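Lettered A, B, C and D in written order, each chain numbered from 1.
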């Protein structure tokens, strides 16, 4: 299953390395962390079933929206990444919850400043024919979860 | 939008009256409640945007699974209502959260004993060609949210 | 820290065995589970930091309410286990979340039917001088989390 | 009850105006918002029971920690605002949830950059004898909830 998830991310233009870079940027001022540590923690997060399920469900909805295979008004909401839709955040939050409440701050911060790959994915999602409504929030969720994982294991 | 949501429920074999019956059963021993009150509270819950978005997203996934329009392994997980999938509960919980934490007890109880329409929907979902993986949890969520709404407005 | 948590439960009249009995009752029809397995899973849940923190915070508030050391109106709300207070459920939900969304059904069911030790704790909490407002919800949360843990590890 | 909550905030050095300023800063680039609108929305958030209960519970714990009236190890965790404690975030998230998932981004962003009153409260909480472990997260939660409220009512 982890391979499916990593392949799906790659298909959407996102590597484990991209997400690990976010983790590294967020953590470098607080803990002694190598990029290898960051990668390892992202991979551990991707082994969690609820993370995998949120990811494959969200990306599925993005892909179906790209192909116009959703009914209205859901289709337009997802295609336009409507700020009041909210289900993309709900899936991201379910990823973070697995590592407790301490991941929420990094989630919100990442989602706001659109660091690294998140900004790229968000920008791509505004191009004709591409829908990344769930993808950007899910990446934020995975990166925030990896940071929480690091904080928990550092004690 | 509320009409879209009510029509979608009807298309899946569920009426506002069915959900109000759950609310009535859950509340009748605690508060003085008529079926009209129960119906009104369910309708108020269905006016909330985040409830509507969870509902149309969940039912969309059920319908796409029925038509084999999802990719594997998501397709099989939703078709078989796999107990470890979890995203159906996530959407239901997002409905309850809007009315605070007091709705969670009724949600779990309803989901466990499969009262009224929930049992019917669940049973139907086991028939060939029908997928109600999200629908039953969403109904539990709406009924529990309506109970929480009643509790809040009774003070 | 786990010893602190187990001792605190014992001080409030609850043993790991009591909670494991709930887990056993909930799971016996679904999986092949011994009481030893149930106990082991409850103990694993009690090792999680966010579970420990929710537990020591909730029981602390119960104990402070017993000694009238909280300010009004919080004191009366906790002393009377007011149904609209909600923060007791919030702490219990934070315990369940660690094991994903599949624990919520058992949480609500347990809280509703007041099985075993939960009924005892709830009844005790109605006695003069005793406050168990947080304790019963926290026990439900730990038992539901242990059930979710079993479900996840059985795959 | 709203008066109790506003007085309690004031007692801890925080005014509705301080929180409204955060809302204004977060929203000014997105919607046409006056400070009066921001104040009104913060006040509406403070009318919600679950917000009030989270706030009085959190501030109570801060005050008890200041007076050394909590048991160890809870006392040290709250006094030192330990990053892995997590219950302060749990209470803040329960505030945001009332307005759906769209508030989480602003919550995390505020908590990270420590804008305005949050930075002040955080700094004060590091002074001898002062504990603001819950207070800063609760303010972030109220401000983020008010932003979500504005977004919902603008449609």
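Convention: contacts are C-beta pairs under 8 Å (C-beta built on N, C-alpha and C of every residue); 3 or more make two chains touch, one makes a residue touch a chain.
This is a predicted model, so every value here is computed, not measured.
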Study note, to complete from the structure: The pair out of B-D and B-C sharing more C-beta contacts is B-C
Exercise for review: Determine, among A-D, A-B or A-C, the equivalent of interface C-D; equivalence here requires over half of the contact pairs to be the same by residue number.
Suggested key: A-B
Study note, to complete from the structure: Whole-Å distance, C-alpha centre of chain B to that of chain D, is 32
Revision key, fill the gap. Expressed in whole Å, how far the mean CA point of chain B lies from that of chain C is 26
Review point. Which chain D residues sit where two or more other chains touch them?
Key: 49-50, 84, 86-87, 90, 94, 100-101, 152, 155
Study note, to complete from the structure: chain C contacts chain A in the complex at 49-50, 94, 97-98, 100-101, 152, 155
Check your understanding: Which of the residues in chain B end up touching chain C in this complex?
Key -> 83-84, 86-87, 89-90, 93, 100-102, 104-113, 144, 151-152, 155
Practice item. Going by the contact rule at the top, pick out the chain A residues touching chain B in the complex. Key: 1, 4, 49-50, 53-54, 56-57, 60-61, 63-64, 69-71, 73-74, 77, 84-87, 90-91, 94
